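Alright, structures below, take your time with them.
After this come two complexes, each holding chain A, first together with chain B and then together with chain C.
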Partner chain A sequence: MSNNPLSRFFGWFFHRSRGDSPFKTLMIHATLIVACIIAVYPVLRVVTISLRPNDTLLTTDLRIIPENATLDNYKEVLFGDPEKNRQSDFFLWIWNSISVVAVTSVISVILAAISAYAFSRFRFPGREAGLVFLLTTQMIPAGMLLLPLFIMIAKLKMINTSLGLIIAYAVTSVPLTIWTLKGYYDTIPVDLEEAALIDGASRVTVFTKIILPLSTPALAIAFLFSFMGGWSEYLVARVVLQKNEIFTWPLGIFTFAQQFTVSWGQFAAASVLIAIPVMALFLYSSKWLISGLTLGSVKG
Partner chain B sequence: MASVTYKNVFKKFGDLMIIKDLNIQVEDKEFLVLVGPSGCGKTTALRLLAGLEEITDGQIIIGDRVVNDVAPKDRDIAMVFQSYALYPHLSVYDNMAFGLKLRKTPKEEIKRRVGDAAEILGITDLLQRKPRQLSGGQRQRVAVGRAIVREPKVFLFDEPLSNLDAKLRVQMRAEISKLHQRLQTTFIYVTHDQTEAMTMASRIAVINKGKLLQLDTPQNLYDYPNNLFVAGFIGSPAMNFFPAKLVKEGDKMLVDTGDFKVAIPDKHAAPYKSMDGKSVVFGIRPENIHDPEFAPQNILAEKITSKVDVTELMGNETLLYLVSGKNSYVGRVDPRSKLRVSDSAAMIFDMDKFHIFDAETENAIR
Partner chain C sequence: MENENFLRKNLPAILWIAVLASIYFVLSSLITPFAAGITLNSKIVVERLQEIGSFLFAILGGLAIIEIYFYQIFFREPLNQTSRIITRAIQIVLGLLTLTVVIYFFDLTDLIKLGDSAFSKFVYMPLDLFTDLQKSLISSKIAAKDSGKIIAGIILSLGILALYAVIQFTSRSKNSRVGLAYLLIMPAFIGTLFLIIYPFLFEIKLAFSNASLGTQATKNAEYGLIYGWDNLKALFTGSVAKDAKFFEVFWRTILWTSINVTFHTLGGMGLAILLNRPLRFKGFYRTLLVIPWAIPTTIAAMALRNEFDSRYGMFNIILGNINTWLTTVSQNTENIVGIGNGFAWLAATIGPVSWKQDPVWAFVSVLLANIWLGIPFMSVIILGGLQSISQEYYEAAEIDGASRWQQFRNITLPLLRPVLTPAIILGVVWTFNKFDIIYLITQGGPQEKTDILVSSMYKAAFQFYRYGFTAMFALVIFAILFVFTLFYLKSSGGLKSATE
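Up next is the complex of A and B:
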């Protein structure tokens, strides 16, 4: 490498440890930077819109922090507008979402943890077919399932109930969770279970005392995936729920888009507020998430 | 403490017959070693006894109870696995106490038993560690400790030393033998290592292709192998085999390998008298082949002219890899032997210690 300060800077910045040519390094970084911009730009626009005063909503200004930036939209989303005598339902929606998604995740992790164990450890007729079938359910687009889901939930008389939504979410998240957990169980040596069986454990004890404690990382991942999947789900919720009191937040924030006016500022502010806890959760669990994605495939 | 009986036991996996008509009677307090090559069915035999596999036919009896349909936990056995199978999320103490806790043993009793076992095995200061913080040898001890605290009727060992390095293996071998003497319980031990079998067992069961070939004390197995497989499997280096024919010359019986002939001494010749022309396998152990210069006196010697192919100096002995015509064989000779590669010598076969096997049935003729 030459001693030219510019090239030294580039060497430091691009960290050419693999001995790639400068052109290749540049191309790689250019591609990544463009991809990042594409990914981040819409989010930044939402932040910008949420900070704009209502009268400048539709400006073409590209500044991230707009002129006359204000937190009014946030205030209104969180606490309503006393002048217009409007109350905020924001916390209600969040609570609805959390309760629906948390219950869904708990149910689907419990169901999947048990059935994945059977798929991993027992050889029974229909095992292979069952696994493939579970996988095929994941290949059908959610939109296609809407009508059958609606009919089923309607027949169960659960339209407009949180329970209906929970069931709809659980059935869609269980199959993938089973696959994730089965992959993890497969890496736990059978010897451990056999040792426990000889030590005096029943199958159930083996499962609760050996398999489950050893699977906590996989269970956490399964819970997290299930939670993330349900958290921002809109379509199914739209079909199942029609009452404001039980709206989850994706439905709730659409009430800002009324028939004649759309409160884009509040819409954006609500979106940002909702993203914060999820982002925090993501950052907190990112270490697990990354290891979780490879769970079952490389753990020797 | 209990005896163990395999009675006409069969085990099939799909269409594959893994165990064929296994009959073994293990006496109370005995140290029985099941030995055989990989895939011979010895581990399966142990797993059947543990209840980890169901038997296809026959009976397994522990004490006076048929245990065919008894769950592993109710068979009153403990097993040490090849992989140790320690619970990774539990401390050493909890690993050892696991079985006792499940059986609702009082806390004080658990503490006492784990403490005792840890002391016997010298792992008292490791009790709070997790398995991943232990070396292979320490894990091995914990696995044994977990078995001891249960005070079972029968201990099962599934190749417990095969993951240890050579030095540790020798050490653990002695410790397990000591443990057997101390606990005075029935031990059933599976290994593919004939040295382990020879050094530890009160009796050895040699298994091949799912069949019990011979069950006897180590010395008897070594001195009087019933068939070619046992003869070749027990002993290191293995017994030398020469395809041959029995020939009658005058009133002498000879073994004719094509390259050389050896006379069967009169005092051993009786069983072979009527077998003129029979195809056999002639076997002799390496230590019964001597350098002519250092051959002991008063042995029934036969001289076989051979050429040295390779020499291996071991310090206390020298292994000579020899060639005679199309036959190659190994001699374990005096370390003072001056024979070197390419030398020719009239090697001495001690004809008091030979073996003859039927070439067709592979059974010993004696």
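Up next is the complex of A and C:
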């Protein structure tokens, strides 16, 4: 090994393992870079379009930062356009989405945290049937039950209310969450509880003082799962919600996307505003999310 | 001293509240100048919170009443013969009350129609009592008009609680081995009963009806086996939504599922193998590669839908640029035999595509979008599996002189199976059912040439309002998936490992 900076750089970059030749390492990097470009470029395009001034929305330009980049689209999406006397529904949509999805997630995590414990620790008649049932519900699509649910929600006069959508989302969210949490509880050693039970603690104490604190990460994952599941849902929301005042954001920005020439820029700006926090949260929590996936659904 | 402890104990909570409050104030002061342009206001927020709050309160109250009921069945034992009779009587009355409420719910949502029989009078009795109570409360000015329901509800619950108290005081505790388990699953059980089993029964009933827009959904619908047969016949011989036929859509669904899952698995496997080695910038690559998974699907689909535009979409711009380049090259190489013709041929073949009008290209466009979205998930799952394979196997194989392909074939694949099989099976089921991409990008068009089964079903229900037909359609799709799931469970023994 010579000490000149160039060969040190090569030594650092090629970082040999399992006898990969420098050429092979280079090819791997090249392939990965191409894959990354394919993965990222369409997303960057959205950012590009959001920055375009309104008069050059329709160009065949492929650059990432457009000419005369402006933030006008963002301003209009967020705060409306007083000159054209147009109000912005952006915050309303976000609020509608949050209130529906957060409540669904809270309900399903609470229900699941309790019942998954029973499925994980008790042996009772009907347990296996219950588990098979939960597994089957994961296999059947949410769209399958959409029609009867829609009629049911309509008869309960909950069309165009957030409650109707909460009910519709809970259908998929509750079984999935139970399944995920059951998988996690199974990994907590039973010895801990048995020791506490011998010391005279009741089952309820064991559950609240040992199991729940130990499974905080899993509860967070389950919450996040169920939140992500409902957050960008479009098809069910479209059926249950038909008025602009109650739209969740996917329905809202679809009204932009429909008018291709008019509001492509606004659609892009709204997308960027929504996607950035979600993607940041996702990338930050992806490690735990993946462990949650392997715990729950993939365990099959 | 005590004060200090209190402060110390609650400092994190106080800080959190302070931070949240300051965020709120900063945000609201930032937004206030623009408030005129924003439709969200505090009135809407408060109304929504009230709505959801009362909903949650009602659910909680209902669940509490049911839980106490079963708690007393499992954990309380009457002291003597008289109290046994009283207890059982109360429990039977309360059980009947619950039953009438359930039947009333069925009637309300049209699962069954009670009409005007004596039985319906019996079912409506508790509810009539409730409304009478409400009315008398309002007329005697105890409750205001809009809070009558709530106060009547509270009085009713207090009454039930009093009955529970009677049982509680005339009984002693007893042990139950499984009682707690049933109490714990009760809320989720009631939830699934209401959310899954009931809609499913309802769907079966709808499948044997002629419900449609003309019958005002279930209001004037008629039920009978003949309608079920008609729906089934219409499904297999008629059109599933408007133009497309069942088997055409069925084969397209199979094609859609198999192409997607193949590409997801191969792409995911390729990326995972590339990433599963010591490599510079690995974390960086990984972060960038999961972005298609991280971006909300709706946004990705709508953005891609615009990118498939024939003039201003990125795909056609890129293809157009390639075409221009190829044309120039072919003009410059005209005189070279072989190559010139080759480039001319390429220039004539590769070029902008009408993604929206041509059925084949429309299907390719949705496939491209879904493959792009799905690869990261698979690669992350497979990477997890690869990392759990010990390096020692490979070292041993290397010593034995095994080639890279042999190592992959005989070590990686078998050891990856426990991760790969369920991921692929779930991938198949998910892709089979996943039509948001299709719906958002092509809406099934042109002429339903990109529809799959589930998207046709969605359209049949919510675009063409063929309710009875859709319910039968849903049952057929369910049967297909059910057979597939059973097959999977049998072959992998997944059920056993799940319930153990």
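Just so we're on the same page, the second predicted complex is superposed on the first by the 244 of 300 C-alpha atoms of A that agree within 3 Å, B and C clash if a C-alpha of one lies under 4 Å from a C-alpha of the other, contacts with A are read in each partner's own complex, and residues count from 1 in each chain.
Everything that follows uses one rule, which is that a contact is a pair of C-beta atoms (placed from the backbone, for glycine too) under 8 Å apart; a residue touches a chain by one contact, two chains touch by 3 or more.
All values derive from a computational prediction rather than experimental measurement.
Peer 1: Check the contacts made with chain A and report whether chain B or chain C touches more of its residues.
Peer 2: C
Peer 1: According to the stated criteria, A:4 is in contact with first (chain B), second (chain C), both, or neither; which is it?
Peer 2: Once the two structures are laid over each other on A, A:4 reaches no partner at all.
Peer 1: Going by the contact rule set out at the top, does A:208 touch chain B (first), chain C (second), both, or neither?
Peer 2: After superposing on A, A:208 lies clear of both chain B and chain C.
Peer 1: So, A:54: does it touch chain B (first), chain C (second), both, or neither?
Peer 2: neither
Peer 1: Could you look at A:242 and tell me whether it touches chain B, chain C, both or neither (first, second, both, neither)?
Peer 2: Neither partner.
Peer 1: Is A:200 touching anything from chain B or chain C once the two structures are fitted on A? First, second, both or neither.
Peer 2: It touches chain B, and chain C stays clear.
Peer 1: Would you sort A:192 into first (chain B), second (chain C), both or neither based on which partner it touches?
Peer 2: The answer is first: A:192 touches chain B but not chain C.
Peer 1: Touching chain B in one complex and chain C in the other: list those residues of chain A.
Peer 2: Common interface on chain A, chain B vs chain C: nothing in common.
Peer 1: Note which residues of chain A are touching chain B in the complex, please.
Peer 2: Chain A residues touching chain B: 189, 191-192, 194-202, 205, 209-210, 213-214.
Peer 1: Taking the complex as given, what residues does chain B use to touch chain A?
Peer 2: 50-52, 71-73, 75, 77-79, 81-83, 85, 87-89, 98-99, 102-103, 146, 150
Peer 1: Residues of chain A touching chain C in their complex?
Peer 2: Touch list, chain A to chain C: 12-13, 15, 17-18, 20, 25, 28-29, 31-32, 35-36, 38-43, 45-46, 49, 58-60, 62, 78-82, 86-92, 95-96, 99, 103, 107, 111-112, 114-115, 117-119, 122, 124-125, 127-128, 130-133, 135-137, 139-152, 154-156, 161-163, 166-167, 170-171, 174-175, 178, 203, 231-235, 238-239, 245, 250, 253-254, 257, 260, 264, 267-268, 271, 274-275, 278-279, 282-283, 286, 290, 293-294, 297-300.
Peer 1: Across the complex, what residues on chain C touch chain A?
Peer 2: Touch residues, chain C against chain A: 34, 36-40, 44-45, 48-49, 51-52, 55-56, 59, 108-110, 178, 180-182, 184-185, 187-189, 191-192, 195-196, 198-200, 202-203, 206, 217-218, 271, 274-275, 277-281, 285, 287-300, 302-307, 309, 311-312, 314, 317-318, 320-321, 372, 376, 380-381, 384, 394, 419, 422-423, 425-426, 429, 432-433, 435-436, 439-440, 454, 457-458, 461-462, 467, 470-471, 474, 477-478, 481-482, 485, 492, 494-495, 497-499.
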